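You will see chain A twice below: alongside chain B first, and alongside chain C after that.
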Partner chain A sequence: MSTSVAVPRVSSSVAGQVRTIARRSIARTLRQPAVIIPNMLFPLFMLAVLSKAGNQATKIPGFPTKSYITFVLGATLVQGATSAATLAGGLLAEDIEGGFMNRMLLTPASKSVLIIAQLAGVLIVGFLQSIIFLLVGLAFGVTVKAGVGGALVLLAIALLLVLLFGSIGLFTAAAAGSLAQVQALTGLFIALMFLSSMLMPRNLIKHEWFKTIATYNPFSYLVEATRSLLVTGWDGQALALGIGIATGGVILALFGAVIVLQRTLERT
Partner chain B sequence: MSDVTIAIVAGAESGRELRVEKSLLVGRGPGSDLVIPEPDVSTRHARLTPSGSAISIEDLESTNGTFINGERLTGTRLLQAGDVIQVGTTTLEVRAQKPPADPPKPPASPPADPPKPPASPPADPPKPPASPPADEARLNLPGLQLTRARVIPTLPTLVLVTGQLAGTNVPVGEQVVVGRDAALADVILDQDSDVSRRHATFSPSGDGMTVQDLGSTNGTFVNGQRITQAVALARGDQVQIGETVIEVLIAAQPVAAAAPAPTPIPEVKGQAPNSIEVKGLVKQFGEHRAVDGIDLFVSPGEIYGFLGPNGAGKSTTVHMLTTLLPVSGGTARIAGFDVMKQGPQVRSTIGVALQAAALDPQLNSWEHMDLQMALQGVPSSERKQRREELIERVGLTQRASRRVSGYSGGMKRRLDLALALVHRPRVLFLDEPTTGLDPQSRTALWEEVSRLVKEEGMTVFLTTQYLEEADVLADRVGIIDRGEIVAEGTPAQLKAEIGRPTVEVTPVEGTDSNAVSDVLGRFGELVSAAHRGVAVRLRPGIDDLADVVRALDAQSLKVANVELHAPSLDDVFLVKTGRSLEGAGEKPDAAAEPA
Partner chain C sequence: MTRSLGVTLGVARRSAGKLARNPGPALPPLLIPLFMFAAVSGALSRVSGTKGFTYYNYTAFAFVFVLYMAAMFVGVFTGIEIAGDYATGIGARLMLAAPRRLAIIGGYLLTSFVRAAFSLAVVWAVALVTGMPVRGGPIDIAGLIALALMLNVATTLYGAGVALRLQSVGGGVLIFIPVFMVMFLTPAFVPRHLLTGWLNTATSLNPLTPAMESGRGFMADAPFHVVLAFAANAGLVLLFLVWTITGMHKAERGPGGGRSRRPRRSKR
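Entry: the complex of A and B
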């Protein structure tokens, strides 16, 4: 009988843990086309509808562009990124509900790694999705005022937004521990999108109440940062506000997710 | 002193000879003086007691018996030289005490002055030898637990006595690198900043081994001396790497015989390597005590069945013991590690298959194995072989490339078990492993668990609500109800404790029920029975169904059916709690149990 014959390995490197969990995150995300495809098609559908319906808006004096599809593509990128919340949060909620998180907690992997590496899959999907949105836009006459460099920055911002919404999804999943609560985020984000400057520049919104809400709605700044590169070129203020809000949101949401998950999944 | 000794002639410690100078407990439990770590040996199996110049042996109601010269021992028996004692697969032989090797020679001539009797008795009685032989010393030390005296492999072995891996043995069959970097080292000390990424290497050399510092920043020390070149190690040498002190064992020396650790660690001292020790364990959820001060001890290599209905506290206990749930009160140690203070060490020691098979439906078996092995830090060079070995062992090779979403419940359970074993745990927790499985899958899982215990010496803590499972699989059973252990012992002991058989008689005519009751009432206490039946729990001393049948026949009562029921664990549960285990889980506080 052997009782202790194995060479013990009680730890793997943090980089190795991140790589392992990220690989799993990517595999399981890409293997769920039923989740990914609707998330990708819905923003494209909205882009098609809004670009047709909103063409009249371009005739309003002071409207920044003659192409409404160019105007609204920024919002499409933000909307696409919001799906990262349900995707990342949903997967984490499934792990918690199904007990897979317990399995991982029983390994030497750190909790922060277990959470943050879960974003790998949605980052890949989100990045591919943003490229597709941009290509579709370009195919339908969108121009990027900030040029090729602006297009690359646009994709980088889109990736940051995926990170932001993915982190919010993780936080929600960690706090609620249930898939239903994570899915409820979709409705909240759609409402916030429509209460932002997504369809009209804030200075052209007629109703004062709407303008006030849009001004306090962080979605406005996310949309305006992406839109600025498409419509007005390099707008430092819009970019700084959008990137700043997104970065702050990522830090808050990830920190919150880790803290909440530390408490939810207590381990000695 | 007795005139005979006990020699171990077959078994794990073959070759040892014991002198029985005080009562010695033989068993599998760590409290035993002679530990025989075999599944067929009960925790407290037998007792050897000096009796004048002889030795007596008593079987302590062991499950599989103690045999003297081939006959099963009942009660106590005086041993004689030449008697052969069989305990499990270990054979002990009673031998006459050897005369001293060099008896003092008589003086050639009588001394000129015969010695005078002492005027008074000597002030100090003769002292025992300063260093008695190791075996005797250990046997004579009260409370010393010889479970650590197992025979280690013949490979030279490193025993890590302090530091993050304290309590771990590392055989040196090939070069073993110690360091902080998981990618570069075999023994990873990543919590010690004084350890370099590749710090030192141990290599087998002849029958021993050498150690060499690999240019570490803070050095490698052998017996306190910093080494600058490869150094041959001898048994008992101490090597210090950062905070970790490593003791060297060469040849088949019992671990307990090793020199005491230079810096003893209270957490592991005296603990059995694979044991589970729980004292006053409590888990409180608000006002509700899901686990209410339970005590239990599971010996190395034992299968402990934790039996109880839903909501009794089984899973809560498992979650606490596996570090997934903080403890509200009491203490628990797994393989000597405190579950509250030494979570990482506990987790590296245990394998866990929780109640629901925790699998990702999107991944296949290979991917699950790779993920688990990577997170557990199994070196990539070993992973392929290990995953194939485990997948084959659980019979999933043909389906391993399919996603888990297409697996049956039994397949998921088997994969779950394989995943729990990737890092070669010493203690295995199985939380209701066969719930929802078909009988075939259940039997297959039982066989695998039995094999793990027999062949790998694993300790298994198994929760179940199935009486049969506990009965078939467990060496000992603890019955938990409403957070408290209400009974504990071997299934046979528990049944024997309450244990009288029940006879159930179904009369042909329902109108004969009263008459049948009158007859059966003479044989014991009437108990509830199935529809139209009458049942009696037989009084002690009445074990023969024929007596009952003759009595019924004497009254010309026609019966449709007569059944003799042996006592079951459900009867035990009924007696201990006043309720039947079947269906006892349907109670409001069941919700307190974690999923």
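Entry: the complex of A and C
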């Protein structure tokens, strides 16, 4: 993947800066089908396997649905969103490693814009990906308990999750300044996904030690927020916890990324 | 012959030395299976109480999957290491020094085998310390470990074949994802008779399934399809040995594949 070496003409207005950097981010993100396609196919593969393999779990007394694919689709949306971290973070890390960010600091562009506008590409890819996941789910018998409005809110939450993981990727890239560190996030996210309530509702987990891990794991709340719309309908508490954690995470990660970027650029 | 042995031992020593200096890359193939063990046995253990599940213990059931994963992931990461060595030109230099080029792969294979044995020991220790019951005797356990090590050899050879053909770190995805997918297309979470539809068909056709079921038979002191499992694993080793040998031939011919680079004369 070649990095753009030419510094784009940057407007002095914030809106102009956002437009320029966002357009570049979208173009660079869409130029990576080798990253986008596996990131889209892998969660769909896991959805296909888990929806069949997990059917036995629906026989457990108290399991909230008779359709495991409906149960696990929420986790698939979260898993798909995690790829935003490597996509957005990878591009920022390339910009830092290639010296593009250093050159951008010579322009009137503000650091906040340089960071935040990088999310434009993953937001588009993430939104399309979430629609595909939902449509595949619906084609294979998923029902949205919260109705059409619930499906729209589900897509909005999926977009928020893309923003969250994209921001975490940007923070990691800004802090480490290296592509390898950003790619290490993939393994961490897979581990956190499996250590959450992704496969089983927390109240049905048999082992107390695992229930404790899942309770303290923020991924559980992200999964439960999306799942609630599919399985239980409008669950205010699940939605508030999931949206709250995601929004808090976005603010912290972006704020942190802007702060650490300068230090990393001085170091590199 | 002695010189080839020297090459094999030299490559193995270099690979082991690299890990001793920087043990970071050795952690993911060990940690991912341990996370998976915690996640599957922790989240899904209630499945053991459902109708049709007759295995003696869910943790032991999940353990065989995790043990194979530990052995195979070492092979995957060794394949990625080979790809890295060839991408940076070290592979080409090794080929200049080795009279028989397959001795180079022998060195990687040796390191992978020793690392896999270490990984299996760690996974066993964690499982036993956390109270996993084992019904099989020493011969059963030896059979289970032998199956796991054969899968390590087969996966390392598969990874080596891909690495020799692509000679790029980007080829890591083509090593990791197919192995991951094949692993999940086995009766990983529930026995095969509880799987329905396409997943049941896929697991029945998967050459890894006999090893999975036989391994669980060893754990339960109820040997099952032992000959079939060893034959299937031996078949995989042979198949991927041929894959590696042909990959080495391609690598020996170089990027142009040994074909003449002279432009053909156009017909007038």
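We adopt the following convention: the second predicted complex is superposed on the first by the 254 of 268 C-alpha atoms of A that agree within 3 Å, B and C clash if a C-alpha of one lies under 4 Å from a C-alpha of the other, contacts with A are read in each partner's own complex, and residues count from 1 in each chain.
Following the convention adopted for this analysis, a contact is a pair of C-beta atoms (placed from the backbone, for glycine too) under 8 Å apart; a residue touches a chain by one contact, two chains touch by 3 or more.
What you are looking at is a predicted structure, and each value in this text was computed from that prediction instead of being measured.
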{"item": "Which of chain B and chain C A:I190 touches, first, second, both or neither", "value": "second"}
{"item": "Partner chain(s) touched by A:G99 [first = chain B, second = chain C, both, neither]", "value": "first"}
{"item": "Touched partner set for A:I213, first chain B, second chain C, both or neither", "value": "second"}
{"item": "Partner chain(s) touched by A:W234 [first = chain B, second = chain C, both, neither]", "value": "neither"}
{"item": "Partner contacting more residues of chain A (chain B vs chain C)", "value": "B"}
{"item": "Touched partner set for A:P108, first chain B, second chain C, both or neither", "value": "first"}
{"item": "Chain B versus chain C as contact partner of A:F127, first or second or both or neither", "value": "neither"}
{"item": "Which of chain B and chain C A:G16 touches, first, second, both or neither", "value": "first"}
{"item": "On chain A, the residue positions that both chain B and chain C contact, one per complex", "value": "none"}
{"item": "Residues of chain C that touch chain A when the two form their complex", "value": "28, 31-32, 35-36, 38-47, 49-53, 170, 173, 177, 181, 184-185, 188-190, 194-200"}
{"item": "Parts of chain A lying in touch with chain B, wherever the complex brings them together", "value": "1-13, 16-17, 19-21, 23-24, 27-28, 31-32, 95, 98-100, 102-109, 265-268"}
{"item": "Residue ranges of chain A in contact with chain C within the complex", "value": "34, 38, 42, 45-46, 48-49, 52-57, 59-60, 187, 190-191, 194-195, 197-200, 204-207, 209-210, 213-214"}
{"item": "Chain B residues touching chain A - in the complex, by the definition given at the top", "value": "12, 37-38, 150, 152-153, 164-165, 168-171, 176, 181-183, 186-188, 190-191, 273-274, 300-301, 322-327, 339-341, 343-348, 350, 352, 354-360, 362-363, 367, 370-372, 374-379, 403, 419, 423-424, 426, 454-457, 595"}
